[in-house]
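Got some structures for you, see below.
Presented sequentially are two complexes of subunit A, the first with subunit B as partner and the second with subunit C.
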Partner chain A sequence: MRGSALGRRQARAGRLFVAPNLAAVLVFLLFPLGFSLYLSFHSWDLFSPPRFVGVANYRRLFADDPLFYIALRNTAVFTVFTLVPTVAVSLGVAGLLNRKMRGVGVFRTLAFLPLVASTVAMAVVFRFILASDDGPANILLGRLGLGPVPWLTDPGWAMVSLSLVTVWKSVPFATVILLAAMQGVPENLHEAARIDGAGGVRRFLSITVPLIRGALSFVFVITVINSVQAFDQAFALTGSNGGPETGTYVLGIMLFQNAFRFYEVGYASALAWVIFAILLGFTLIQQWLARRAESEL
Partner chain B sequence: MKRRLTAGLFTYLALIVVAWCALTPILWSVSASLKSDGELLDTAPLPAHPQWSNYRAAFDAIPLARMLLNTVLYAACVTAGQVLFCSLAGYAFARLRFPGREVLFVGYLATLMVPLTVTVIPQFLLMRAFGWMDTPWSMIVPGLFGSAFGTYLMRQFFRTLPMELEEAAILDGCTPWQIFWRILLPHTRPAVMVLAILTWITVWNDFLWPLIMIQRNEYATATLGLVRLQGQYTTNWPLLMAAATILLLPLLLLYALAQRAFVRGIALSGLGGR
Partner chain C sequence: MDRRTLLRTTALAGLMAAGGCASGDDDAVTFFFQARPEEARARQRIIDEFQRRRPDIRIRTLMSGPDPLQQMLTYCAGGKCPDVLMAWELLYAGLADRGVLVDLREFLDREPDYAARLRADGYASLRDTFGWDGGQYALPEQWSGVFVYYNRKLFEQAGIRPPTRWSEAWSFEEFLAAAQALTHADGDGHARQWGFVDAWVPYFSAALFGMNNGTEWFSPPVRPTRANLGDARFAAGFQFYADLAVRHRVAPSVGDRQSVSAQDLFRSGRAAMLVGGHWLYSEFAGHDGLDFDVTVLPVGPSGGPGAVTDIGSTGLAIAAASPRREQAWEFVKFATGPEGQAIIAESGLFVPVLRSAMESPGFAAAHPTLRDLAVFTEGPEHSRPLAVTPRWGKVEALLERGCNRVLRGAATAASLGGQTSADIDRVLRAAV
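What follows is the complex of A and B.
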């Protein structure tokens, strides 16, 4: 008898405590999710009522908009340019920071500093560093007898610069994740390998890396997700048009322009769902590969 | 022995390079913010005569003080709301039995995968429908009542607390609210710190949302101010670097103070992303 009264009271409190949060998730997340799918099948300029157009928005994306393929290609290049260095560098840095040495704590603090830096502020700072012929980067290159490099004025180099800013910002996050995983690797495995005569690099590649596979694959997925959606740094580094020419015209910039500059809300929503589908597809493939790798062991 | 010494030396060298890469861009913005236009091309790390007036100029060019105040206000409101409502919901999901709890929680987990890209347009339309465009409400209300991510984080933490903590209180007939507020919440300080710091940083650094919501300078955030400043003064680098430094330094100080909680937070939040 008392138990059920307690149960009822718990149930009432549970519902009450979840309610505000649930309302927020419904209104600001779940409803927008459904509404954006609805919008993607409509044409709407925000003024006249929305008009149902079927899959016309999607057809326009794939068949009629050359800019979509430019954005898609740029995003693919950008993703590779950020993913490869981020994974490689963060793996190396995490390995270094995992060593038990005097003063390694200080280096950890310094290496993780970019975690809190605003992406926009750093893009502005990099814009200064990479500024035309007499920016600090080119002055330094000049002393080495190199350059000047057209960092932000040549479309190809602008993509390199954009990737550079992004890698600077994303390496510390990946490093924290990998370092946390590395600290869970049992010490005795290293001891055993050391007795067998394996060197530091060998131990790192054959013991540490396979054992942090889960964290590594998480870093992969999160870096791709962030790269495919990148916007802040592109906007602050090379402007809202994805210039020079279409050098940094990525999917995030295309979405922003169509939605909030041209007010083509339906078209932009279709683009958003294509981006979502790409990310979902990538995540599923990655999961499948991870599971297959698991079963092979 | 000699080989180990060289290896150690090499490691320190590599660590110094890593620290240099992480620090240099930030230090560069600080040093450039104190230089005069003429000194700018000089790559000397420190200016001969620090031009503090660059900071004054940045505050004069745009209402930067107002924008910083706005940012603090938005971050404080959203952080307070997130901490309260996410810990309440996290407590309910972890400790209270109610019908539909498991289904609801799986739904919460699924929403963690929804990218901002898909929801930003309808959220924009929602704010427009509410008449909140270009008002502080659009900056505060969407985050005020909590998020799926915060709830998930808090639930995970509440589950690690031992049942014995509240057993006596339940026998004494305490209400769930009393148990939450008086007994369990004081034990969740580490998790609350993590959630608060992560939320504060997200709001402080947010750019896309204020960009599409706020036109008027009187409600703008500091990130917005920096980008507007950049649009006006592309060539006045010392002034721009002063503004960037103003945006960077407070969080760097916060990081210095709460570094442990912060790094833990990132490692934890790695479970869910944004």
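What follows is the complex of A and C.
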């Protein structure tokens, strides 16, 4: 049955309203995606016409480039170093913010401050804080009787520093999600548990955490995706080459370096699609695990 | 006026304004360069003088951000290549190889008399560093080799007289002894005054110490096929530089350098010697109470005779895609020729690249406090190229990775002859 004239007008107006966004998605998302897939099978330096090379870029990545495995290992380490503290700290912070107590407004402001800071500006401030000899971090350690730490000059410590800065930056977003989920937990469950004699920690672990499983799972996936795609903080904190040595050479740095310093755009596109495949695989596994856990409840 | 009419009028006005701006600058020659504020002022003097003489050619300047190569490639790949581009010894080959730059022989061959005069007045070392595949892709406009600034007062107090000419260089031992005599520590071991600091790229400076011990960094310097990091003489020179901080503690370590800049240390009298180029001169000269002079780099036991430095020259190039090549050439010819170079010499902000300008009274007058002007005037003759390869980006990433390990004391310079050299050589050979 054909709709009324009003219905048709509404549908046309709807299409018109959606059109700008749809155009933006096509031009700025789908076209670059398709073009990068096309480029990943080509050799292109931005000036010469792209030359079709088949799967050579992918073969080079897996068989001939030791730096890919270094970047992969560093990214995995960085993800673990970031994920565990981010989830743990944001759970704790959200738990505290969820309580009705004096001064919670000030605490909330402090907790959400990193969310509004620019990543690069923040990394510059941390470079100052983590300077080897005269940095405030080492001065503080010195007062505690601990030796200076080569935060940004030793490859191992540089990865720790990068993770610390990233955790500091990631916690507020994760906290917002977890706090929203916590506020949806029915108060009467806590009430009942309190009457049964359960303490705060017990109630948090046995009631709050299971009931915010969905939000936790989301935080988990988003943190992993952000970690695997990390670039700006590593670039600003430890330089464009992922130094010192290969200490912070993560996949994001490798991608940038190949595309915009070596002008091997096809090779960088292949790497981008490998990163996409890794993240897709990881997310699917995580979703499958989450669904299985839900069905067991 | 209803809302629809208002929107249409605003959109039209916007379009007209945009068109007006575009048409206003359409015929200007765009000039892309990177400069510190003082340098930008010197460039503006040259541009102003050119515009005074050639009011028919307008110049529009485009200042670079921190990564000029990336910016140039982005402009040019996007079809908006500036007409005149600043060219760096280490970076231009990547642009020349991709066909971004014009071979300037196109213009020089048309004016053989001018080309011959320029050739006779210039320095072959500087000119040849911009020669790629038989073409001339830029003309030099300043010599930017590095040397040693020293605090005259601190040197006099320690009774040290450094050399004044490249041909009469001091030895590594003499340099180390001076740095040790000029380093003073507090009771708790923290340095109160450093003998030596580096305001350049540390592994470039270290490579110069390697070169001053008898081996070039890359062979051949233009389109190299191998890096000489593993050569025993080069490694010894490189290690000498690393040891200044790591073993002898006469220079700030990698960690120390994070918290304070070398320029600040030298300016405040907390460092007696500083390695850097002429680009720092105006910064130090404008600082009251800092009595400084310049001397040459030291020579190792296997090096000499005389010290060498890097060419470090920057030049001016013209974009192959420029629709204003002729006007661009007129500007390049002026800035790199006798008239522009005379202005550069008088400004004191660059070391000129023509003998006539170098020997002019204006250049000496622009450096009134220096006694050892021969460090500048003889600099181009004692300059050697570092490396000219279109793969410099990749080579530099590998160098930084390997060399920083040595500079922080986690490995010896001899270790660079292993994997680092093999990786760099592979990249270099792929470009030949």
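In the analysis below, the second predicted complex is superposed on the first by the 294 of 297 C-alpha atoms of A that agree within 3 Å, B and C clash if a C-alpha of one lies under 4 Å from a C-alpha of the other, contacts with A are read in each partner's own complex, and residues count from 1 in each chain.
As a convention for this text, a contact is a pair of C-beta atoms (placed from the backbone, for glycine too) under 8 Å apart; a residue touches a chain by one contact, two chains touch by 3 or more.
Bear in mind that the values here come from a model prediction, so they are computed numbers and not experimental data.
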Partner chain(s) touched by A:176 [first = subunit B, second = subunit C, both, neither]: first
Subunit B versus subunit C as contact partner of A:186, first or second or both or neither: neither
Which superposed partner A:260 touches (first subunit B, second subunit C, both, neither): both
Partner chain in contact with A:119 - subunit B first, subunit C second, else both or neither: first
First, second, both or neither for A:134, with subunit B first and subunit C second: both
First (subunit B), second (subunit C), both or neither touched by A:210: neither
Chain touching more of subunit A, residue-wise (subunit B, subunit C): B
Touched partner set for A:275, first subunit B, second subunit C, both or neither: first
Which of subunit B and subunit C A:150 touches, first, second, both or neither: second
Contacts of A:243 with subunit B and subunit C, given as first, second, both or neither: second
Shared subunit A contacts, counted only where both subunit B and subunit C touch the same residue: 46, 127-128, 131, 134, 260
In the complex with subunit C, residue positions of subunit A that touch it: 45-48, 127-128, 131-135, 148, 150, 152-154, 241, 243-246, 257, 260-263
Subunit A - residues contacting subunit B, complex: 6-7, 9-15, 17-18, 20-25, 27-33, 35-36, 39, 46, 92-93, 96-97, 99, 101, 104, 107-122, 124-129, 131, 134, 136, 139-140, 168, 172-173, 176-177, 180, 200, 215, 218, 222, 225, 229, 231-232, 235-236, 252, 255-256, 259-260, 265, 268-269, 272-273, 275-276, 279-280, 283
For the subunit C and subunit A complex, residues of the former touching the latter: 70, 73, 76-77, 94, 98-100, 253-256, 258-260, 393-394, 397, 400-401, 404-405, 408
Touching residues (chain side subunit B, partner subunit A) in the complex: 7-8, 11-12, 14-15, 18-19, 21-23, 25-26, 28-29, 32, 41, 43, 85-86, 88-89, 91-93, 96-99, 101, 104, 108, 111, 113-126, 128, 142, 144-148, 151, 170, 175-177, 180, 201, 204-205, 207-208, 211-212, 223, 226-227, 230, 237, 240-241, 243-244, 247-248, 251-252, 254-256, 259, 262-263, 266-267, 270, 273
